[in-house]
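Note that the chains are named A, B and C in the order they appear, and that numbering of residues resets to 1 at the start of each chain.
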Amino acid sequence: MGNIKTSDVSIEWSSVLEMVHESRIDSVGLNERVSSLATRSIKKDSKLEALNMIVSMCDLTTLEGEDTEGKISQMVAKAIKPNPLDNSVPSVAAVCVYPSLVGIAKEKVQNSNVKVAAVSSYFPSGQVPMESKLLDTKYAIDSGADEIDIVINRKAFLEGDYRKVYDEIVALKEVCQDVHLKTILEVGDLKTYENIRKASLISLAAGSDFIKTSTGKLSVGSSRQACYVMLKSVLDFESETGIKAGIKVAGGIRDAKDAIRYLVMINEEMGSDWLNPELFRFGASSLLDDVLKQIKKLKTGAYQAGYYFPRG
Amino acid sequence: MIDWQYSESIESSDILSIKKKYSNYIGGKFVEPKSKKYINSISPSTEEVLSKVPLSNKQDINSAVNSAREGLEVWSKLTPNQRSRYLFKIARLIQERSREFAVLESLDGGKPIRESRDFDLPQVAANFFYFAGWADKLDLSWATKSLKPYGVVGQIIPWNFPLLMLAWKIAPALATGNTVVLKPAETTPLTALLFAEICEQAGLPSGVVNIVTGDGSTGSLIVNHKDINKIAFTGSTQVGKLIQKSLAGRDVGLTLELGGKAANIVYEDAAIDQAVEGVVNGIFFNQGHVCCAGSRLLLQESIHDQFVKKLEKRMQSLRVGNPLDKNTDIGAINSKEQLDKITSLVNEGVEDGGELFQTQCELPGNGFWFRPTLFTNVQPSYSIAREEIFGPVLTTLTFRTPEEAVEIANNTEYGLSAGVWTEKGSKILWTADRLEAGVVWANTFNKFDPSSPFGGYKESGFGREGGRHGLLSYLKASS
Amino acid sequence: MIDIKKTYKNYVDGKYVRSESGKTYTKELKNEFYELPLTSKKDIRDAVTSSKDGFMKWSSTTPYLRMQILYRLSEMIEGNKESYVELLMDHGLTKQKAIKDIDESIQNIVWFAGLADKWEQMAGNLNPVSEEYFNISHQNPIGVVFSLSGSNISLNDLLMSILPSITVGCSVISYSEENSVLALKFAEDINNSDFPSGSLNILSGKFENVLDDVSKHVEINLVALHKELDNDGLKAIEQNASESVKRVISQPSLEGLSSILPYLETKTVWHPKGT
């Protein structure tokens, strides 16, 4: 890669290597802990707040070849007012689109709080030369993206070239500057918990503001186990550097119940600081509809049908 | 920011009807005690009296032992396959009524419903299932022909896992062709008496299982009864020694499962986050009322500060409270007496110079409670590092090398269990080989299975419960 | 009165030692007159110290080596068969009985020698636990065993009070009263064998003199009584033993695998199976 300037946030490679080498996880113990966290149940009052919080943490996403201006407009409208009949339901955190659609999305969100995130670096595979990844990212930022979701170089990672993974993220962070950088590990490709931890630490050390589980393009998306590995990495990184990084879980979180389990885990393990869209996000398309149903159900006591809520 | 609260998710106790007064179960019938005396069984989480149970006297024990002797006549004449099927049937009935048992266990003993429901009851059924299958395969169990049942077995069990300890005792005893007189602990007799109903439901021949309640004096009557062939005891080392002494010079078999002060060794190359979880589970499971609890945390010096920081943070998320609340991690201390004992040992630890950390959780008003407690800066000579506390109190010691870890771990009269945490395979095997402990949990802690033998070295007792080895506790090698 | 022909000493820590008390007692056989050490309390303590050390050495030798050392012992007894037969006859046994006793002794040593590297496969096993764990139960020798030999004049009986425990790696303090002459002669073969010092200590005397010390000594892990004691003796031993939860076995079964089981502590090790 040659000439990369180390930014303020990124951590020296030698200390990254040290942390990466100390990635030791016992999978059976981890699974047991995660399933025991799933047995917590929360109060009804807290539940409504939790559901609204989930909405506010959602990155409403469309990442398809068939995406059009019309589709983006629909989605942004839903992002701003997820339930037009209930103003107490907050806006989602962001909409997430391909770089070529950032301009349109940006235009539609106008003055709302909804941010525009772009997936870049040749999402989802990332299998292009670095120059292309930089260009892809620069294009998204120039189009007005508030947040950038990149993918790590899994080829390099699985070949053991951790340095390359790190250098690429550092370079992309250089392009981003103050634009929020979310780095996708694609845990379904990494397979083992130790790999997830290594990739988390490398990404954090390279200056990522968020680490994110998945692209949503694999059959294996997020899991609470993967999220647990990532949150432990974030906490250890914080205790080393004082930097609080965020986590985004995406792919496979279909219902409100599952999302609440994530929040319970974040609350138990990280504390309430992380119960905040600045530090925790859900990448979602179908999740939001279930959360909206559950909110209405809590308020009315009746189970809801999908057609009460607008398409996104 | 939301005020994040877990709901009180209370397991309903409607399923259960607790009688005002219980009787002993002798010769297949519920019989009132000849002593005419009763003791109260209270709920340690509310101090409310749940019921009263017989304080059995000599006459009561006589009739229980006589009935077990008569039961032996019937039981020994059945085919092994018939005995096996009775045990299978009991196992199935327990599964069917497990919610009822779980609620009663949590009410009477104070343990969280999450544990009684997800651990105790499934394990109880599993024990009966496991030993059911041995009943007709004893000839295949050990390559020796000289093993015969003892006959009438007296069994005295503790209050920490009331029904599970009953299962650990009764299932292998019956599978090997013995009959039993069992005395549950004074503070937790109710699930044993409910189990008597299961025996009735299963149509178990009368006299095969006899359940008598009472206090220490009742236990002593069983031990000293002249027609008992074997005693199986789980409880404190102090009482175990008294029992061994009482049986001196008598041709009575004995197995003892006594106290412990297990070392939980964490090496610097452990998977730290899982080790923290294992250490928490090792000492706070069942309020620390566990004889194999990992009560001595042995930390390699290089990771001491980091580990303690993570541990303290994790402890803060433990929820102490109503045992019937599904969100409760730590329930009530079993009795006032036990609470006083824990309190006084902890005070002694502070006076000795140990550094005390306790979590900030709120405790309920009534009942017996103790905060999760961690001591650091402890010297091996302190009583908190030597004596079994039997409560949610963890003591931290440090070591520099594997040799030193093993030396500290073995520097105790106990030898029940130990834990080892490292991701290095050869170090696990090296350490496990040198630990004087009947159970070694490597990269895990407090795991149990009916097929896995459990029992101690040294003053933690003798004999094993569970597994193929557990059969030997109820079979006598005749010369 | 015949002349004292032979003086035997205790065999402790690989050496022949007099009783520290200097006391002896005499035993008159048909042809010879023996002076034997009268073991004192201090001698017991010394023997335990040596046995603790011997246990470390013996239990850490490989099963393969223990097997060979035991087999070598059978060869030595075979080589000394005549002198054993003579000694047994001096005790009053017929030649036929004496020969039979030595033959049985050799058979049993060979049997246990072959068991030394196999018992772990018979006494231990993997346990099929329900979760994702590897779980194995295996055995450790219990430690220092004090074995009171029986009163029969028989090398085989003496050996059967030693072989089961020593085969599994325990160190043994063998104590004889009636059998002392035979036991101390046997010590000579042990001395010439490859048993590490302290793994087998052989003492002679009156058990009642040391009963209290033996049963109270915390570093003796198990007391095996191969001799029928009166009830008071047994009771005293078991009462003392209870102070440290010491194992006491009386007239244990010597049949097959049962013979070694009392000398084993079962250790069960769990480990998760994961990635």
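The criterion applied here is as follows: a contact is a pair of C-beta atoms (placed from the backbone, for glycine too) under 8 Å apart; a residue touches a chain by one contact, two chains touch by 3 or more.
These numbers were taken from a predicted model, which means no experiment stands behind them.
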Graph class of chain-chain contacts, one of line, ring, star, complete, other: complete
Taking each chain's C-alpha mean as its centre, the one farthest from chain A: C
Centrality ranking, top chain (CA atoms only): B
A-C or B-C - the one linked by more C-beta pairs in contact: B-C
Averaged-CA centre spacing for the pair chain B and chain A, given as whole angstrom: 45
Inter-chain centre distance, chain B versus chain C - centres from mean C-alpha coordinates, in Å: 36
Inter-centroid spacing, chain C versus chain A (mean Cα positions, whole Å): 70
Shared interface positions of chain A, touching two or more other chains: 26, 28-29
Touching two or more other chains - residues of chain C: 131, 133, 272
For chain B, residues contacting two or more additional chains: 443-444
Contact footprint of chain C on chain A as seen in their complex: 26-29, 31, 191-193
Touch list for chain C against partner chain B, complex: 122, 125, 127-131, 133, 135, 137, 231-232, 234-239, 241-245, 247, 251-258, 261, 265-272
Parts of chain B lying in touch with chain C, wherever the complex brings them together: 126, 142-147, 237, 240-242, 244-245, 247-249, 256, 258, 413, 428, 432, 435, 437-444, 447, 449, 451-455, 457-462, 464, 467-469, 472, 477-479
Contact set on chain B toward chain A in their complex: 1-9, 114, 269-274, 277-278, 309, 317, 326-327, 423, 443-444
Touching residues (chain side chain A, partner chain B) in the complex: 24-26, 28-30, 32-33, 39-46, 49-50, 53, 232, 239, 267-269, 272, 275-276
